[in-house]
Amino acid sequence: MTTETLIWLIPLPPILAFFLIVLFTNKSKALSHTIGVGAAALSWLASMVVFFRAIGVEHLGEHPFESSLNWLPTGDTFLKIGVLIDPVGAAVLFFVSITIFMIFLYSVGYHNFGQPKGDHDVAGLPPHGATVEEHGRKHVVPSIEPMYSRFFAFLGLFAFGMYTLVVSDNLLTLFVGWEIMGLCSYLLIGFWYGKPSARNAAIKAFMTTRVGDVFMLLGIAFLYWATGTLSFREIFTEETLHILGTTMTPIFGLSAAGLIALLLFIGTVGKSAQWPLHVWLPDAMEGPTPVSAMIHAATMVSAGVYAVIRMFPLLTTDFNGHELTTAMSVVAFIGAFTALFAATIAVAQNDIKRVLAYSTISQLGFMIAALGIGAYVAAVFHLITHAFFKALLFLGSGSVIHGMEHGVLHTGNHETDPQNMFNMGGLRNKMPITFWTFLIGGFALSGFPILTAGFWSKDEILADAFGHGHMAVFITLAVAAFMTAFYTMRQITLTFLGEPRTKEAEHAQETPWTMTAPLVVLAFFAVTYGWVGIPEHFPLFGGLVPNWFHEFVGGTLAEHPEALEFNVVPLLTSLFVALGGLFFGWLAYRNVQTPAEDKFQIPVLKNKWYFDEAYDFLFVKPAYWFSETFVSAWMDKGVIDGILHTFGKVTQFLGDIIRNYFDLPVINRFFGDGTADATQWVGRNLRPIQTGRVQQYFMLALVIFIVVGAALYYLLLA
Amino acid sequence: MVPLSWYLILSAGLFSIGLFGVLTRRNAVAILLGVELMLNSVNVNLAAFWRYGDVTQMAGQVFAIIVFAVAAAEVAVGLALVISVYRKRNTVIADDIDLMKW
Amino acid sequence: MTAEQIVFLIVALVTLGSAFMVVTTRNLIHAALWLVATLFGVAVVYALLNAGFLAVVQVVVYIGAIAILFIFAVMLTRKDARDSGPQTHKNWWVGALLAVASYLGLSALVLGWSGSSKAAAGLPSGFDAVGQLGEALTSPNAYVLPFEVASVLLLAALVGAVYVAFNRK
Amino acid sequence: MNFWNDPLKTAADWLMGVFTGWGMNEVAAQVLIAFLGVLLLITLLMVLDIFLVWIERKVVARFQDRLGPNRVGPFGLIQPFADIVKLLIKEDFTPGGADKVVYNIAPMLSMMSVLILWAIVPLAPVILSVDLNVGLLYLIAAGAIGTLSIIMAGWASNNKFALIGAFRQVAVMVSFEVPMLATLLIPTILSGSMGLNGIVQAQNTWFVFIAPLAALIFLIAAIAELGRAPFDLSEGESELVSGYNIEYAGMKFGMFYAGELLHAFTFGGFWAILFFGGYRFFGLEQVSPFLAVAVMVFKAMIGYWIIMWIKYTMMRIRIDHMLAFNWKFLTPVAFVLLMVVALANALLAGTPTWLYVSGMFLSNVLVAWAAMEVARTVSRREREKVEGPKAVAEAHH
């Protein structure tokens, strides 16, 4: 099979799995997850083949795997759909396929496959546990998710969207995959639709990302209008970019390229939860944890960054290497601001998943900032390493929650929130695998030097910012990185270290292999993936392994980015923020027992800088007011209803006239009754003919036949 | 040599006799007997035209075979109906079976 | 007048005579037996037409199955052993008129047609009518479809007859 | 060519010479010769029939551990003639209320339906009346006339027992015609001919080795057509007194009786023709036509003996069992066998003889085995429904 065909085939297994599960195997949980996991494995296998074929090709950037065909005719041209795997695509495909596969596998354990049906479980609510009798003793064990099959169907659809997005060679199919993921995100956040909070979170996520998507669609339309194509390879030719760069638009003095890039970037802001559209992501933690891991850490939010990476040539059209363009400044500002802003909120959260959610926003901010200052390779690098360790952290937190739920079922005290970190503590002994893998993930997130992947990628961003003289960005990111390490260590300390703070934590239990195996695999990548991108001039380690990542991914761009000279300042900064943050985090929280003892529970941070309240006041309330007083009361009830009622009255009046002077006398009396009378009269008089005797009918028929036949014979033949 | 017209006239006679039976007999079974006669006359026609036409074209005989099949089906269903009617109304006189009148 | 013509005339007379008895005899069993005689006569006519297969099938299907079925039906639908009362209804003269009219009309048509007086050509030597018939019935280029339809019709009639005549109690 | 090689033709030629010598028209002479031939055949058959009475009575006696006729003539050989005399001098009797014409035609028709069968029997390669190319259908057609004769006899007698017997017999005959027709088609497939002579000529290997199951089914259906035990419920002495011929006496009854015996012998002969090579026996038929006739008669006698053997060994079956046996077992098996044989014949065409024969044989055995398995399962289930599973299980131990 050619590589191109294989690429076409990558997204197919998950969508097939989706239809198979929805249409046929919905009843059988085992069959459904077999199909789901099998499809993910198939796609993973195909992706691996494609990836290894891709890294074997010299100058993949100039000669990528691509294939396309015409789809929708639009006048003289066609909207094309196609696939493209260039170095960036291959690198992204690598981590996407691994994380998707791992999360499919993890979901089997997370949704308690193999456990009995719950006592009172209903579809739309998380399972509540089942009572089992064993050796004469009753005890409560986790129960299987009632909508188990549906979950795998949604995951399949989601995986299809993600693969489509990654392998597509144009903005149109990228947008299609993007929107499919938006839908899946909505469905999966609201998976437990019985919970009002989940419902609201789903609607919030959908509406917020829609704001970004509208602008993105505008950008796509503008691009199509300006260039007549949506294919990456056709847009990113020098002539097209030059034309776009020199066309000026009336908005903020931006060039067409800059405007399009900014419009598309707004889509990213929505998708990747950047300030000011970040509000949906923390709420999205209402979904099941594999969903949080997959959509809201590893893949979908990465898609936003991926879109900007794809549009990088457009963003940097007028970029000369030093002076940032307006568009780039905006991007860099939003990225850096978000990174710091989200990190501050993360410090004050108590919910284990919410900490990670804000951490995700913050890390995405790192990438966006990197792209904003033109650090292309560093952004891609951080995107990939982050996907690995953030998926690991989310899955680890899911494992922790799962273990805690076990404890909750054991004690029967359902008041205890299994997600609150202050209810945990000392889990390192109960859940060793989860602890060690979580520790690796946390250190990678903090950028623990040398060993972890997070260090290398984050260091590269900092080095780029420093090396190109973007000091504001550099300092902001450094502070954000320090806080990252701090809240990570806070989380680890509260969760795993010390002594159990509740009975539930004492009875927590390690999770099944389907959940721990993905943790181990992801932990492996969270450590080792950093080693493929060690800068060549790095002391001691530089040059031990060639900086393969830089070479490979850098090849995507027409102009190969220069490797940066080594500078000791960003390195020291990295070391300090990582180690310092970790140390202070441990110091501050090693003895904390209750939220009251936590000095960082500052209201403004705890309440996320009051963004939800602000949006509520600024947008939601006015919208309600407007719709109630203006649209409903005045427009609908007053104007439109009034017009309609008038029509109604006039019509009724006309109808009365027609009825009394035309319908009743003419139609009813004359035509209706008259016809009936005539028919009745004819029928009464013809009735004797119908004797019910078949032979008489036959005779009559024959008489007529003979008469007519004779007449015809006489007239026509004789 | 027998000319074709003899066969055709035989067939016409058989047909008319059958027709007479169908039109005049009171007993439903007897009516079906008449129908059989008519079907046979048709078959005689078919065979005769086969023999007097191109004998390598088997259409005449094939249609005769199919008429056999149709006749068998007709008799089976017809007699079943007669028996069913006899069970319900205790008569097989066609004139008495006239529920389908005004 | 050749021997063949004499044979034909005898057969035709017997056939028509027994056919006439079929429609006129009062005893229905006799009518059915006269039908057998008529059918036999028709079988002989087939034989005279060199359609041996048709002749044998006529005997198998008509006499072996249909006539027997008629006799059964007659026996099953009689209240007493004797047939009493008129066997034709009071409008029988209309039927007779129509039958005569149709006979005259058909005869006129036959006699008025020029092709009706032609004689049969001799059969080709080695002509295998049965083989040809079999080929025609089963060849996709010929009549396999009507043949299959006929078989489906028979099946449907079989099922229908059983259903209609079944005594539900 | 002389009398010993081709007796019929020689005799016909001689007679032709004689008749034309008398100044007779050639066509008339031909008709006369044909008539004489038919007369000769029928006479021979009737004589044979007389001896069949003796054979039947002797054989049944032996089966029942008796001596049988042994007073009149050597071994009682003259006994049938005494019987005939008795039948002839009985009063020729027509019951009151009977339908006279039909009543009197029925026995003749019954005899005729058997006799006309011999028109197509090939006694030797050159001794046969007509080599009809639809011979097998002719066999069924003659059977149809036999059916008609029985229903006529039963109805015309104006007797309830006779009518019920006739109904039963007709139901049986019409039903068993179906599997019989299906098995008749198997020799047709194997030989590619519907003419009996062609079928005999094609039997270089007797068809009984190629289609043993077909031979068996044909035999069963033939016995049912004959109305002999175990399928003789049209007579059913214990319930119907004697069935359709209850009102017949004297020679009219004699005709039914003789017709039945000759019918049995005839079907023995057809069994031999269809499945046992007819007049062929290791090339003997090539030596002389008379030897071929001897072989044919010998084989027919064996068939007849087997039919007798079955008749005097088996018990009578209930009518509903018998019809169920036909419609639910024999007919499906016969049709399945027909399909299997046709398929196997097409698949094995062109293979060496030993492979062809063993393949066909095995396919028959397979069908038989499968049919028995199905029948066993179904009957066991039915018994369980009646007697309960436990009783059936115990009975099996």
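Of note:
For clarity, chains are labelled A, B, C and D in written order, and residue numbers in each chain start from 1.
To be clear about the criterion, a residue touches a chain if its C-beta (ideal position, glycine included) is under 8 Å from a C-beta of that chain, and two chains touch if they have at least 3 such contacts.
Computed from a predicted structure; not experimentally measured.
Remark: among chain pairs B-C and C-D, B-C carries the greater number of C-beta contacts. One finds 6 Å separating the Cα centroids of subunit B and subunit C.
Look at where the CA atoms of subunit C average out and do the same for subunit D: the two points lie 28 Å apart.
Subunit A and subunit B, compared by their mean Cα positions, are separated by 77 Å.
Look at where the CA atoms of subunit A average out and do the same for subunit D: the two points lie 85 Å apart. Contact with two or more other chains is made by no residue of subunit D.
Listed for subunit C are residues 53, 57, 65, 72, 89, 91, 94-95, 98, 102, each touching two or more other chains. In subunit A, the residues that touch at least two other chains are 695, 699, 702. Contacting chain pairs (ordered by label): A-B, A-C, B-C, C-D. Listing the residues of subunit D that touch subunit C in their complex gives 27, 99, 102, 132-134, 137-138, 140-141, 143-145, 147-148, 151-152, 155, 158, 163, 167, 170, 174, 177, 194.
Looking at the complex, you find that subunit B touches subunit C at residues 1-10, 12-27, 29-30, 32-34, 36-37, 40, 43-44, 47-48, 50-52, 55-56, 58-59, 61-62, 64-66, 68-77, 79-84, 86-87, 90, 92, 94-95. Of all the residues in subunit C, the ones that touch subunit D in their complex are 3, 27, 29-30, 33, 36, 52-53, 56-57, 59-60, 63-65, 67-68, 71-72, 75, 81, 128, 130. Put simply, subunit B touches subunit A in their complex at residues 19, 22-24, 31, 94-95, 97-102.
Interface of subunit A with subunit C (complex): residues 695-696, 699, 702-703, 706, 709-710.
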